[in-house]
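For reference, chains read A, B, C, D, E and F in written order, and residue numbers begin at 1 within each chain.
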Amino acid sequence: MRPSKRAPDELRAVSLERAVARYAEGSCLVSFGNTRVLCTATLEERGPPWLRGSGKGWVTAEYAMLPRATHERTRREVNSGKPSGRTQEIQRLIGRSLRAVTNLPALGERQITIDCDVIQADGGTRTASITGAWVALHDCLAWMRSRSIISVDPLKDHVAAVSCGIYKGQPVLDLDYAEDSAAETDANFVLTGKGGIVEVQGTAEGEPFSEAQFIELLGLAKAGIAQLVELQRKVIA
Amino acid sequence: MRPSKRAPDELRAVSLERAVARYAEGSCLVSFGNTRVLCTATLEERGPPWLRGSGKGWVTAEYAMLPRATHERTRREVNSGKPSGRTQEIQRLIGRSLRAVTNLPALGERQITIDCDVIQADGGTRTASITGAWVALHDCLAWMRSRSIISVDPLKDHVAAVSCGIYKGQPVLDLDYAEDSAAETDANFVLTGKGGIVEVQGTAEGEPFSEAQFIELLGLAKAGIAQLVELQRKVIA
Amino acid sequence: MRPSKRAPDELRAVSLERAVARYAEGSCLVSFGNTRVLCTATLEERGPPWLRGSGKGWVTAEYAMLPRATHERTRREVNSGKPSGRTQEIQRLIGRSLRAVTNLPALGERQITIDCDVIQADGGTRTASITGAWVALHDCLAWMRSRSIISVDPLKDHVAAVSCGIYKGQPVLDLDYAEDSAAETDANFVLTGKGGIVEVQGTAEGEPFSEAQFIELLGLAKAGIAQLVELQRKVIA
Amino acid sequence: MRPSKRAPDELRAVSLERAVARYAEGSCLVSFGNTRVLCTATLEERGPPWLRGSGKGWVTAEYAMLPRATHERTRREVNSGKPSGRTQEIQRLIGRSLRAVTNLPALGERQITIDCDVIQADGGTRTASITGAWVALHDCLAWMRSRSIISVDPLKDHVAAVSCGIYKGQPVLDLDYAEDSAAETDANFVLTGKGGIVEVQGTAEGEPFSEAQFIELLGLAKAGIAQLVELQRKVIA
Amino acid sequence: MRPSKRAPDELRAVSLERAVARYAEGSCLVSFGNTRVLCTATLEERGPPWLRGSGKGWVTAEYAMLPRATHERTRREVNSGKPSGRTQEIQRLIGRSLRAVTNLPALGERQITIDCDVIQADGGTRTASITGAWVALHDCLAWMRSRSIISVDPLKDHVAAVSCGIYKGQPVLDLDYAEDSAAETDANFVLTGKGGIVEVQGTAEGEPFSEAQFIELLGLAKAGIAQLVELQRKVIA
Amino acid sequence: MRPSKRAPDELRAVSLERAVARYAEGSCLVSFGNTRVLCTATLEERGPPWLRGSGKGWVTAEYAMLPRATHERTRREVNSGKPSGRTQEIQRLIGRSLRAVTNLPALGERQITIDCDVIQADGGTRTASITGAWVALHDCLAWMRSRSIISVDPLKDHVAAVSCGIYKGQPVLDLDYAEDSAAETDANFVLTGKGGIVEVQGTAEGEPFSEAQFIELLGLAKAGIAQLVELQRKVIA
């Protein structure tokens, strides 16, 4: 029995609210149960230095948590001079996921930065961020097309993500904090709208897991992400 | 004529929404027009090292802006190793303002940290922060009394703040961003519920200003802060 | 009774010694009683990046204390990677005060940096710095005119500063360290030669203060700064 | 055809040389073709602070590259104040992998740090590090048993790792640098001697990959890691 | 011919002014021609952590330059997070030199920090610092004896220092900046009152130098340091 | 009697192994007994900014220790944001020594960086680094000539280095760690193939030393360095 009483293959209540930030070119407040992340997209007319002259654009992401997004207050990273390893790992994951469905040459030499700021954290903040970031990116690109900054749509597909894990021996979908902190195995999956795999990460927290278990987690993720993509479709319609 | 069509002595629409953060001991989302700041209060059972053995507690504040709170995206401070001078100045101001109305010995050797995170910035973020932080602090103290952590109320009075300035030669109350960036003189006032002055800061951005002008700004601030205190009273009732 | 036996409206012995640094384009050793600050002016032929192409120059300031300027040794800031919030606040205040009386376009695209290094600290180091920095700036500008680097004098007025405070219930002028550390209210005033206000900062250290008290402090400051400006006039004559 | 002419399921020449560092409690120089990593184990009698009083020990890892391990010289990380995100990600992976096969309570409250310093880099440095680090850890534990510091062997199993990828549409085992920089998909697998999965990471560099492709990569990894474990068995015999 | 017209074995005008810092336990303003360094001694009742329980004390030094001590303004080191390599090298040299003539057990578990702040720099700042620091240390120890903090004098001997170099082929004593920046060889000597060598550092800036030349430099230094020690004797008398 | 049973004027077993790093333009693994340093040379086609337009090249060095090169593990410097003072001192010494025998204009506007990474440390790592770095530099220059990047040989002479010290009252050559940590006096000498002195550094760790003792150390160094230069000649032949 899951702490939240959900079925093993049941997502939390998920919502995607658009246009929540007055100044951003695109934005989305994504909720997976009590996890809430504000995703904003910023267009910059200058791409990163290493793409100068290539004709290609770039999509990147930054991620942070408000100090009291968590049960216990988390110290701000500002005093340490660099984002923590965990933060860097997450923001690279979000950026890679978005670039996997973006036609970078179609962007021109521009950069879009997606900021994912966790307002409240109850597990799955990185996968919620990816799912919401796609909406913010979509709206930023729509904003650009409406102003004729670009003429073709650089988005090739949807991308969404979910975490799965083995909790008390049972593979389950979309871990919340209570499950996440007790899970034996924890995995994150990032898939496209067509079902292609963009990223797979699985870690045994305690005992090693078997290939069969891993395939089962992948199956849960595929079904869950299909629902998330469906929701993305609905909100942008 | 002010860009927002407000009268010279007119505040923006102000709201104070309580209990907006699931895990914090007290919280308030404060809005002054389009300026929105999330204030959360965290109780720590350990005071700062320099008060060990004194029997006194401490109230401190941290302040930050989400990168896309602003018209143009602002770079995160995380890479610079320390909050900027502006950030430090603001968080010290918020902390001093709250301590001015708190009976620190009544807290016991505990620390309350108020995090003020600017979700959207349209001028006056530091004064909005102080006004909302007082509510978060109030609710944290109520939470403590309800659990018998403290027996007497350490709050001695309300505290609220507002900015004033001289805009196109006219003293006006509660500058928004459009006014703030063009004002000749910019001043912040922090006052208590009884009308005592906690902090006054006035800066000539262009020409020096006169004593008479300064007195006029102070008059606007007193009237505006009285309304803010009244609103605080209403929401905690 | 003040610890120094001074009358409430009495400045400490103030002196301004010019040309104390062999290599600087202008310099002044300012003393307010036992507080001593070395102010040096450096001309750079290149302005800051954000003014490139504007035809305007810039005046900026840096501030630091020698470690044993104080009763107890203060640790050098070099190990912390950034000046403290207090240091940044002071150096911005000095810079703003000097720019308020400088005609920046008349400077051309050049920068003058005023370094204020506190040799000995007995209260009022930031206001002494402003008062002495004006002399160093004046001499740097005279040096520039004597070499025909500029043709018109960019200085529009004098600027000087003093602290005031409420000490044992009594408003007093020019706090020394003994008073400063015990004052109920502490205020800094920066005024021009013509009496215009450039900056006002008042903070209640304990109880909030009233409007009437604040007006009284401003009155003391106006009289004190008039004497400081008179002294500046004398030493540059 | 692979640049190295290897068959798709063929490892590079792998060697594990023990006792290469005079002062370390255990050490191993691991080579996967031209990739060479020096792994040293250091025993500290004090565990990390968060395990104080728990009776459990800890195994951690640090990872770095010599500047000219690579084709082009890589700048030292020393000037940046923190290991890069990539470095932190790798050292956390190595540490987790080793802890997955270590009985931490059997260590007592001690810490073993495995330093993995890449002497030469030709792809697969993180997986080579894990494979060699296990030998250094093994020898450190043997050293401890020989001195009766511990009485039971804390090692529960072998652990080894290898990278796989899709190169020109073909799933291949143990990518070298030439393949790695051109692969469409890149995956790292960490498995135990008994074949349990400790960590799986797969990333689409270009097009998303399919479940079937991923299963194929896992198959290659299982066969390759079985050979690596066999080699570990031989060298410690 | 030396730029300053001095004879090859002639020191600049040297002065040692005591008790120049109101709050320090000992202080000395040392001048070697236009080079001026303020040396202050601070007593701390706590020694460094690595001497805890040893019964021994410590003498250490810090060194810095005011920004406009030099012909061109030097940027403050505060923004770089650590003293530069040159600064660290100099402060370690000063500390070692002073400890070579101090009986550390006689100090008890205390630390004396000598701050050497260069007010004006015209070559030889590190050797002037050592020469002046000895006087500040002497006066700090006298202050301690006068308060019965220590009963025996921990000072075993004088220590003083001077630079020598080969300038236009000629070995010369006490280089000023004009000579220093053009010298082929630059050497610093630290000697005790009895003529023992504490530190020798010689560097060929251009061509390597010979043993004979080095011996000649050492001879100049011995004669020069004898005069410096004599001056120290006079000022403390 | 020396701990290693060597005669006072006897070097440890020294070896210089060339071409040990696959990707570097020149490399040398130098051993002085148990001290082992990997020296690699990297050619960059761009010189340092301050030589732009001068037609001159530059030779620089970086130095680091692997964490377990030492008896006790040494913490990596990566977390401190800057190399330690000791590291900076050593890398400047190596760079100066190499430049003393290099014709910089003959290099053209290029930079050669010699990385000296200590694999194992048993005393004398900086002098071993200089001795091995010369070989790596030599091979890098030969590589450049073989590709006609330069036409004349920029090397003017050999350079090698050794440490000497006074150990139990006896001047001895080439201190190992056991001697170094107990020596009364410690000196490093850098000499050219023709016997010119490039650098001399002598420090009294305990009692000051005399001129006669210093001359004796220099004599040992000259004889030792002659043997090192002879070995360099042999390996490059």
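Operating definition for what follows: contacts are C-beta pairs under 8 Å (C-beta built on N, C-alpha and C of every residue); 3 or more make two chains touch, one makes a residue touch a chain.
Not measured: the values here are computed from a predicted model.
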If you check the contacts of chain B and chain E, which chains show up for both? C
The C-alpha superposition of chain A onto chain F, two copies of one sequence, needs a rotation in degrees (nearest 5) of 120
With centres defined as the mean C-alpha position, give me the chain B-chain F separation in Å. 60
Report the inter-chain centroid distance for chain A and chain B in whole angstrom, where each centroid is the mean of the CA atoms. 33
How many angstrom lie between the CA centroids of chain B and chain D, rounded to a whole number? 51
Residues touching two or more other chains, restricted to chain C: which are they? 80-83
How would you write out the ring, from chain B onward through chain C? B, C, E, F, D, A
Which chain D residues qualify as touching chain F in the complex? 21-24, 27, 34, 38, 40, 42, 44, 62, 64, 66-71, 73, 76-83, 113, 115, 117, 119-120
Under the stated contact criterion, what part of chain F meets chain E in this complex? 80-85, 88-89, 92, 96, 100, 187, 191-192, 194, 196-204, 207-211, 214-215, 218, 222
